[in-house]
C-alpha cells in the first residue's frame, strides 16, 4: 500500500530542487593589484576603501535531483548544512576575504567571484547525480546566482 | 488607440510568470513505516519525534503564460488565491499531515513530497495552456521547488 | 587614552538592550481539558484540531543593562545563545508542546503561555542586574511580548 | 600569479546573474476603457476603485553574463542602479501610473504590464551581450517575472 | 491539577502584549489645503504629486492585558483580526485616502495621522481593560507608533 | 472645517514615534588593547580575528514627539534621512570602524558602543523637544536599542 501511494506520486519523475540557507560575516575590499590606486578608486569607488569594509553574506545552496523513494528526500539537508559549514563557513565566516582566504590573494573578492568559489568548494562533496546552484546575497539589495542556466 | 499601444507592448510575446503566496500551519513527523524505529531515528533524527512537531509553511504558486490583451492579466490572482485556499489550505492548514491528510498515510510528508502533492492538487484547476510551479518553504532556511526545469 | 574615550561615551549611563533571535519548530493544539469538546471547538476553532498542528516559532530574548567598560558588551550574546539553546530549544524544538513538555500537560500552550514559560526558564540563568524580556512569534502575523512594561 | 588564479576560477565560463533591487511607490487602478463600468467592476473588483489605490512596488533587475576578468564584475551595480533610477523610478515613483505615465494612458497598469514596460525602458541601456530579466512585486504576496524562460 | 499548574505560571501577573498584523493598499497625497500649491510642493515634495501615489501599508495592532486563565489568551486574535478588517481595512483598503475616507477630506493623510485614526476607529471595539497600540508601516523604511509611551 | 477635524483628531495629544531605517556596511574587530592577545581571543572568539570581519548594519532612528497641525508630521523624514546620511553613514559606510572612525581608535566597536555613538552623533541635530532612540542590527539575529527606557 505504502509503495503504491509513493510510486503513484512520483510517476512523472520530475526534478525537485531543495535549498538550504546559511550565512557568514566577512570583511573585504575590491582591488585589482594590476591597476594603479587611482584606477582602482575610479572603478571600485568606496568598495576600494584601503582598510576594508564588510557584509553579512546570505548564502543559498540549491541541490537539484529526484526524490528518493525510501526517504522522501532529494538530499539530507542536515548533510547539506554540515558540508556548507565545514567547506565554506569555516573558511569565510568572521574572516577578511582578501587576507585570510588563499584563493582571494590574487583574485578580486566580488560577490560574483565569491559565489563561483563557493560552488567550487562544494561541488566535490555533492554527488554527481545532483545539479548544484549558488545564490549569494552581499546585501539584501545585491545578489548573484551561479551557474545561471 | 488603446489596441495599438497594447499590441505594441506585446509584439515579442514572451511569457510572464505570476506568483501568489499563501501559508499554512501543520504538524508532521518524518517516518518510513517500512523501516525499524531505530533506522527511522538514525535517518530522520529529531524530525522523527513520535509526537510530531510542526511548521509555518509558506507556499508560492507560480503560473506561467501569456498576458491577456483584454485584462492585462496572465491569470486572475483572486482565482488563483481561491483555488489555493479551497484545494490546498483547506486540506493542510491547522492539520496533522500524517494523520489528517489521506495521501500522507502511506507517504512520508517531507517538504519535497508536500510540494509534489500541492502541484497535483492544483494542476487540474489551472488551464492546460499555463505552466505551474510550486515553491514551498518549510522554514525560512529550507525550501523546495517543483517541478524544477 | 582608551579609558578616557570609553568613559566619555558612557558618562550618561543610560541602559542598552541587546536582543538575540533563535527559533524552534513545534506541534501543539489549543485545548482546555476542563471544557467539553464542543466548547473547545467553539472557542479555539481550527487551533483545537485533535491531531495537532504546528508552527515555526521565532523567539527574541532581550537583556537590558549597562555596557561593561572592559568588553563593550551588555552581555555576551554567545552565552545568551547557549542558554536559550540549552534551556528552551532543547525542550521545545521538534517537540509536541502538549505531549512532550511537562509544563503544558495541564496548561494550554497558547503563544502567551509559551512566552511566559520561556521567561521562567531563562530568568534563573540571567544575572539579577539585568532585565529580561521575551518576544515570541507564532507566525509572522501573530506575536506576543512578555513582560510588557 | 594573479592571472593564473583568476583564469583557473573561470575556465568553465558559466554565466553569472547579478540582481539589483530598487523600489517605487505609485497609485493605479485597473480599468479597460473598452468595457462598461459594470464589466470593469466585475472583472477587476476593488482594484477598479475609481479614485485609485496604490502600492510599494519592489523591483529586481537581473543582468546575466560572464564575469569580467579585470573587474570581477558581470556589470557594475552602481551603473545598474543609476539606470534604474533615471529610466524607471524617475517615471514611476510617487506617480499615478494611469494619469502620469504616458504608456499607461491606453494600457492597463497590471503588475504584468508594468514589468513588461520596465523591461522595455531598461533594455536599450543594457549592452546586447547581457540578458535582462525583471521581477516585480506589487505586494509581498503577488509578483511577476518577465521574460520567463 | 490543571488549575494548580496554571495559577503557578501566572502568580506574578505581569502584562502580556499580543499583536496582530494586517495590511492595506491605498493611494494618497500629502497636501494642506490652507497653503498655496507652491508651499505644498516645497514642504511635501514628490509626496504632494497632484494625481496621488500609493503604498502597501503594514498595520500592527497591539493589545495589552492579562492572560485569561480559562483560555490562555490575552484576547482572541480571530476577534482582533475581524475588528481590524471590518473597521479599518473595509475603509482604507484599495481606496484613495484623500477622496474616499471622510476623515481625511480635511486632514492630511500622513502616516502619523493614519495611525491616529486607526487607533480611534479600533478603540471603541477593544474593551477598556486593555491598552491598545498601533504601529503602521508606510514603507519598510518608514513607520510610526501611536500612542507612544 | 479643516481645523476642526484636525484638532478633533489630536485632542488627546499623545505622542507619536516615527522611525526611519537606513543601513551601512563596515568592517570591524572586537579588541581591548589593554588586554593580552590571549585574553582578547578568549573573550571575543572569532570576533577578534586580527584581519577584521564585517557586517551589513541596519539602523533604525526613532524620533518621538507631537504631530504638527500644519504638516501632519512629527518630523520630516526627508530631513531625518539626510541627517543620518551626513552624520552617520558618511562616517561608517564602507569603512573599517576600528581604523577609519576616530571614536573607535580607543573604544571597542561592539554593536552596543556603535549604537551609543550613533545617538551622540545625531542628538545635536534633532531639536530638544524630541526624544531620540536608536535600534541597530549587527545581523538579523543580534540587535541593540539605546537608550532603553
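By letter and in written order, the chains are A, B, C, D, E and F; residue numbering begins at 1 in each of them.
Just so it is clear, a contact is a pair of C-beta atoms (placed from the backbone, for glycine too) under 8 Å apart; a residue touches a chain by one contact, two chains touch by 3 or more.
Just so you know, these numbers come straight off a predicted model, no measurement behind them.
Under the contact definition stated at the top, the chains bordering both chain A and chain D are B.
Chains that touch both chain A and chain F: there are none. Centroid analysis (C-alpha atoms only) places C farthest from chain D.
Residue numbering at the chain C/chain E interface overlaps only partly, since under half of the positions present are found in both copies.
Comparing the CA-atom centres of all chains against that of chain E, the greatest distance is found for A.
Rounded to whole angstrom, the centroid-to-centroid distance between chain C and chain F, based on C-alpha atoms, equals 25 Å. Distance between chain centres (mean CA atoms), chain D to chain F: 32 Å. Annotation for chain A: residues 140 touch two or more other chains.
Interfaces, counted as pairs of touching chains, are A-B, A-D, A-F, B-C, B-D, C-E, C-F, D-E, E-F. Remark: chain E residues 30, 32-35, 43-45, 103, 105-113, 115-117, 120, 140-149 touch chain F in the complex. Residues of chain E touching chain C in their complex: 1-2, 4-6, 9-10, 12, 14-22, 64, 67, 70-74, 76-78.
Of all residues in chain D, only 23, 25-28, 46-47, 49, 51-56, 93-96, 99-100, 139-140 touch chain E in the complex they form.
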